[in-house]
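Following: one structure in structure tokens, then a few remarks.
Should a chain be cited, it is by its letter among A, B and C, assigned in written order, with residues numbered from 1 in that chain.
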Amino acid sequence: MDQLLWFGWFRADIIVEYAVLFWRGLQMTILVTLICIVQGTVLGLAIGMARLADARHAPARQLCHYALRWPATVYVSFFRGTPLFVQILLIHFALLPLFINPADGLLISGETARNLKQNYGAFMSGVAALTLNAGAYISEIFRAGIQSIDRGQTEASRSLGLSFARTMYHIVLPQAFRRMLPPLGNNAISLLKDSSLISAIGLAELAYAARTVAGAYSRYWEPYLAISLMYWVLTLALAYAIKKLEARYGRGDSR
Amino acid sequence: MAEVIRVEGLTKRFGSLAVLQGIDCVIESSEVVCVIGPSGSGKSTFLRCLNGLEEASGGTVRVHGVSVHDPRTDVDALRAEIGMVFQRFNLFPHRTVLENITLAPSKVRRLSATQARERARELLAKVGLLDKIDAYPNQLSGGQQQRVAIARALAMQPRIMLFDEPTSALDPELVGEVLAVMQTLAEEGMTMLVVTHEMGFARQVADRVLFMDEGLIVETGTPADIFDRPQQERTRKFLSKVL
Amino acid sequence: MNLLSKIATSIGIFTLAVGSLHAQNRELVVGSSATYRPFAYENPSKEIVGYDVDIIKAVAQKSGLQIKIVNTPWTGIFAALNNGDVDLVISGVTINDKRKQSYDFTMPYFEARQLIAVQKDSPVKALKDLAGKKIGVVTGSTGDDTASREFGKTNPDIRRFESTPVVISELVNSGVDAAIGDNGVIAFRAQEHKQLKTVNDPSFPKEFFGIVVKQGNKALLDKLNAGLTAVKADGSYAQIYKKWFQAEAPVLPAQ
């Protein structure tokens, strides 16, 4: 391909040459981000509520504390306390081979394992790591959000005879959710950018495309500027969607 | 007259602080009992023990014969029979007035949407706020919010109503409209337990007045007994400060 | 001139003299990606050792150069050369035309070929047999070039990673079917992992490693070439080769 120079130095042709990689990478980044946002939120809700689990009387109280609260606390501490990059490598090179291995996988082995690993290995590891990581941060957002709702709301609801589950579902969570939208939104945006780390285990997403081009041509401005622009656009789109969500849930709440 | 609430030897500690030091009390059906006393006397805690919002450290509370604090008691079912009105109203801000009132009846009593709506309209008419049926709580004054809260509690058709300082957070000119609703309720025969500082209301509406101080019921009697002929020194001291 | 100007001038000349003297004996920074055993790697005492290290030390001694070896990740090693973070690079870099466009190479110091590594039970006999299979390479390496030229540079079956150990891990875990890389490195890794074997495709051309300097740095290039010639002449090259590869050193061309 002939050199396509922009501004006299930017070699746009090398981007065009690898356009397929960038396009596929963009799709993969979006896919991974969306999946992890959804899964992370569900997981975060579960863990957040586990951290608040309580019962009026023993032995249910002890059960709540040891079987729910304590494991949840350890989980959150670990996934917030270790670097995401390390988590990705740990899961891909240590954990995944334990479960999915042609030779002796605990979960899946043989030919299926080989196919699964080759075609989806990096994807599974990356999504798993990102989901677990996001779940930990999001659980803290949920916990704080739920705890920020005035106790009087719960008291009034329970006094009417509404069960704990109904109180959570109708009264506490809807109010908490509106408060949690800004930090949840921030988390979603972080997730989008963190997904770039999965390129290290060979997942063909956006950052991987840039690394490939940089490796092939030893030129760094072009590929990294290109993906910076793409990440920026994606972030703006995400921020816009979050703003729309915040607007929709804004009616009626005074405090 | 049927016994509705029986409290025996009720004690409550928060850590090392003894808030209730042994309460014995019986409330009969259709009785209106007002609880007065200085702040910190345990009045609110006592009230909140009756529907299980507070755990008891000792003693028993029985409502319609059912022990409130027994782990085996279905506390949600019990609370459906006891309505509570709070000092800070605690309306659900993200729902309209109608939704506030119909939520519990439709979920717990399984009323259809139409039935729930009908009941809500009746109750709102009763408290004089039918025109606010689709408003949000933050669009109402304090007195209006409290009246909606009363309607919300009544929507479950409870047999007992508990009022925890219902007018303490209201501007003076709004107090009257809420007390009026409460008086109507009393006249209709509702069993009511009201923690309040409104002595005029107590004198006029209550069948019995309990004076509490430092976690104990110091004196009990008819409004005339308590306000005109207080026997205990502490009662006299308190009344001299508030009347 | 008055006294002040005399003093200023003297200081100026003195500084210049010291500066140029210092420049002549300035320590040169050598960039090497120490994940490339047996060419450059970190031993347990955290020293960087290997064939490349011994060669450059010998060359430096013969040319009277002071050197300091710095572990530089492969991804940015050429960028480091360009912006002056390192003065020269010796890191198993294959001399090829594309790289010659941007950088200057010394004469060869090692003869190499590409080599394929596969699982012991693999039926693969040549590069062509890898069609449709997942291939692991180091981003931007000669292996990457080889695979890209044969199967297409945007082929999703080519999985690129940041360093050789990661590629080998992926191969061991069956994440990829094969790895392509320089024979020195691949052979070492294969004998390290008993479940792997190497496959030599005779169509792989003979290639050479060279020391890389910034384009136009003729002074340094000449010194390095002089050093290399001396190292080959007095038998040091043969000695170092035998030490690392237990074989007779091949004769290298002068260009």
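General observations
By definition in this document, a residue touches a chain if its C-beta (ideal position, glycine included) is under 8 Å from a C-beta of that chain, and two chains touch if they have at least 3 such contacts.
This one's a predicted model, so the numbers in the text were calculated from it and none came from an experiment.
The minimum number of touch steps separating chain B from chain C is 2. Think of the whole protein's Cα atoms as having one middle point; the chain whose own Cα middle lies nearest to it is A. Compared with chain C, the chain whose C-alpha mean position is the greatest distance off is B.
Centre-to-centre, using mean CA coordinates, chain B is 83 Å away from chain C. Work out the mean CA point of chain A and of chain C, and you get 38 Å between them. The distance from the centre of chain A to the centre of chain B, each centre being the mean of the chain's C-alpha atoms, comes to 47 Å. Residues of chain C found to touch two or more other chains are absent. For chain B in complex with chain A, the residues that touch the partner chain are 51, 53, 55, 71, 75-77, 79-84, 86, 88, 90-96, 103-104, 107-108, 136-138, 149, 152-153, 156. Put simply, chain A touches chain B in their complex at residues 56-57, 150, 152-153, 155-163, 166, 170-171, 174-175, 178, 251-255.
Against chain C, the residues of chain A that register as touching in their complex are 17-18, 20-21, 24, 93, 96-97, 101-102, 113-114, 117-118, 121-122, 200-202, 204, 208, 211-212, 214-216, 218, 220.
Partner chain A is touched in their complex by these residues of chain C: 75, 78-79, 99, 102, 134, 136, 139-141, 144-145, 148, 153-154, 156, 159-162, 166, 169-170, 173-177.
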